[in-house]
């Protein structure tokens, strides 16, 4: 499970870490993900979800991806329903509390068609952090004594060599690929992230490959004028794709809020027959559109404007 | 050495973590530091050194302070020469490479009058980070096999329970007090830090008490309008002191560069007879002035303006 | 209670649990009733209450009528003092900056263990629940307040699965497992406020809500619940408290 | 060499070590000659060289005539791509993002161990040196280039103290100690460029600077240095390289 240090170092050494342009299309970026890889997803629940990249992976018919994310929402349903993933590692999995428990998640996990591997929220964050730091584990004081830890093989309990206290050791997680969506980055991948950071910085530094989608590509000059605003450095990034509204129907901090109407429809459509409902949704919103703009067109310009108005309101104060 | 977790939790629980004003004078803040305590110093070498607070501690004749800092410059000389500290924990100790090896550091350490406890730079940072995270240790892959590690009792080498690799475990460091100087914070202690962060965030979160000096106190409204710019939260801060040029003759990012002329004079003055030279310097710049403004007056308005012009030039691009 | 204003069970939960939060405390609140109750307390009697959200928000003021769908959207960050990464905000619990954790619950047992993962056998569950989220971390590392509906199927002898640890098997079993801090402090329901016996760590009634009898509580609890004779009775929700609640959640998003 | 321009020993060090840095690499550079040589390489033949400084700077362009007194001042951050905390920039070494570490040295031994802590007995040193700084971390975690004056008192059989590990006792002793990555790659002096034997990990001459004989090197080295017959000779500093150097450091801050 945990990568050997020499393997991690060799994979990192082999990457092109030079300052070079890496702008490409969603489809080109999708080719950078191989079947069977571990894909870490940035953002959390309905926020800064790299939805356009997930949309592209589903359209490219990827298979057997292991997917990890702090908290999984509708994108998890769709990764199961599309057959792209049968194994998701997360701490909480449902569309969002106001919509109740995800019927799609329930259907795929309760029938054994797919696996929901549950870790505590902080333990997932600390596993990415250990991976980002280049150490094989991180000590933690939670999880002990719980059923959650009881179902996880890859844990160790130790007595602290300094204090004698009981501690849990969490294995480092170095994903094959990380998918991150940001408000802006330059053509090299230097990224600025406004508002909530979630686990994105640790995920990006831990991963062996980073595919970054961005609302806008800005100049490297602008990055260099405020280097203390850079959250992810260029040499950790392998692909940059400019995708306006790349998190829709989820939110992107300060730019647009969730498309609530659409999310209500989705919940309704997957309530009675989750498998068929999700299939129809995928057909309509994922397979049918010829590109991302057509997908946004299906969401509806009125809804785009409404989500944008609400999103920008964070800066009204 | 390492604090027990229950003791750390109890000390933190007992702190007033409510949103309250904590603005006070340098002298009042100095009363918050007791003889014999472990004081962690923010900034690095010549940058964002909480010089005004150190100046106040020396004027208050503190004794037996154990002082830790990422890299120690002239403030370390003066802590030794004033008798405030006989034990400094750091990774590098001298005024700065362009001035050669500190004669004052050499005199006090080579005569055994004071102790310079040497750790690697990253290991000090990881000790603060472990303290900030509330874990008793942090694993690291450096220090092994070196003489630096050989002289440190409080280390453990282990075989990784996941990979079998050899690792060094560094004990958490939770200082009694942290001294941090920032460009701006509000009356509650919410701090924004421009430019280089050094280890200040981890130091602040690890410490059991934080004394924050700031170039300027700003409104809580301004903090709340850009919460993603806050680097240290109010509830980790116990005292706020507004001190313009609070790092002089060192630098404060974007506001003023080091007072090079003054630092050349200091190096010259402590070259021949380090002990006497430092004593005379302390008499003139630390004991004599009636307040910080008079200290700045001794540095000279021309030099203040020159350092300021150079400091602001970082934003000329 | 005829002179008392009408209110829903959820509103009762929000009011009663909000009263447990004191000015100056730092509370780590989950979405739903906890978020609402903490915001109510902040508006009503604890203006200096510092709220933390799992998404990475420190000290916000949630705007009335703009309740977030989870604790991870920008609506949680209005007027916040600081935004942190998820890992760093959760680490504040481990470091000890938090006074109380505050969550909802799906299933709880007599020792205060919470289950939000599986109904039935974890290997072949009849219902797969959404999971821990930060629940396991919060309940492992700080004093907990839980707000939940008081139903026999939710208050069980032993939870099907321990997602968020309470006192585990009671007695000293929690600390023996390595959880040497925190623990279940109060369980607030629409019938009563419950705590835990210092020795056995078994659930006991601390106070009954107006008009509720000990038998009502026992009848809706799946295990023998401890209750002293002459136990205290809570003060019914005030009009002022309900007014704030309804201003915060006009669409009854959390309080239907 | 009469047609060659004049230069100081420090300038020779900067030019020769700068040539070892390749375009597209990520180099972790210390202050002084390393900072100067990396900046020279960036200006002269490796525009895509990414420089990291210990203070927390990623990918800057140092401004000519504004050399910093250490790697921790704002002068290090001009036109940088990112600023990180000290701990996080050093962790980039451990994570493996760095191709080469580049430092000066006070004392080195035949196995490439560096001492910047004590001259004499560590418990009663004749000279207390400034210490490791990031040196121990850099040399423990990545391939190293060291630039230093070639003097007998600096090139010793065994350093008084191992501040920054090279190959420790030679052979496999470095990896046996737990340092399974990195190691000394090149030592650049004013006389020669030296490397280490793959097997014994003993210092050997890779190339001599123009006009320098094997005897010159041995005479200035405190241990038997390996040298093959017909060893390569380096190209003398070019006017173009010296011009950049003198533009960067007009006050001869690092190159006096």
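The chains carry the letters A, B, C and D, assigned in the order they are written, with residues numbered from 1 in each.
In this text, contacts are C-beta pairs under 8 Å (C-beta built on N, C-alpha and C of every residue); 3 or more make two chains touch, one makes a residue touch a chain.
This is a predicted model, so every value here is computed, not measured.
J.: Whole-Å distance, chain B centre to chain C centre, using C-alpha means?
T.: 41
J.: Between chain A and chain B, what's the gap in Å when you average each chain's C-alpha atoms?
T.: Taking the mean C-alpha position of each chain, the two centres sit 38 Å apart.
J.: How many angstrom between the C-alpha centroids of chain D and chain C?
T.: Inter-chain centre distance comes to 59 Å.
J.: Check each residue of chain A and list the ones that touch at least two other chains.
T.: 5, 134-135, 140-141, 165, 167, 195-197, 224, 228, 317
J.: Among the residues of chain D, which ones contact at least 2 other chains?
T.: 57, 77, 79, 83-84, 91, 94, 180-181
J.: What's the contact topology between the chains, one of line, ring, star, complete, other?
T.: other
J.: All pairs of touching chains?
T.: Every pair of chains in contact is listed here: A-B, A-C, A-D, B-C, B-D.
J.: Under the touch definition given earlier, write down the residues of chain A that touch chain D in their complex.
T.: It is residues 5-6, 8-9, 12-13, 16-20, 132-135, 188, 190, 205, 220, 223-224, 227-228, 230, 233-236 of chain A that touch chain D.
J.: Show me the residue ranges of chain A that touch chain B in the complex, using the header's touch definition.
T.: Chain A residues touching chain B: 1-2, 4-5, 134-141, 154, 156, 158, 160-163, 165, 167, 169, 171-172, 194-197, 224-225, 228, 317.
J.: Applying the document's contact rule, which stretches of chain C touch chain A when the two form their complex?
T.: Residue list for chain C touching chain A: 31-32, 54-57, 69-70, 72-75, 77-79, 83-87, 90-91, 93-94, 115, 117, 122, 124-137, 140-141, 161-165, 168, 173-174, 177-181, 253.
J.: Would you tell me which residues of chain C are touching chain B in their complex?
T.: Within the complex, chain C contacts chain B at residues 23-26, 48, 50, 57-60, 77, 79-84, 91, 94-97, 99, 180-181.
J.: Under the definition above, what is the set of chain A residues touching chain C in their complex?
T.: Going through chain A, the ones touching chain C are 44-47, 70-71, 90-94, 96-99, 101-102, 105-106, 109-110, 112, 116, 118-123, 125-126, 128-129, 140-148, 150-151, 157, 165-168, 195-202, 251, 253-254, 257-258, 260, 311, 314, 317.
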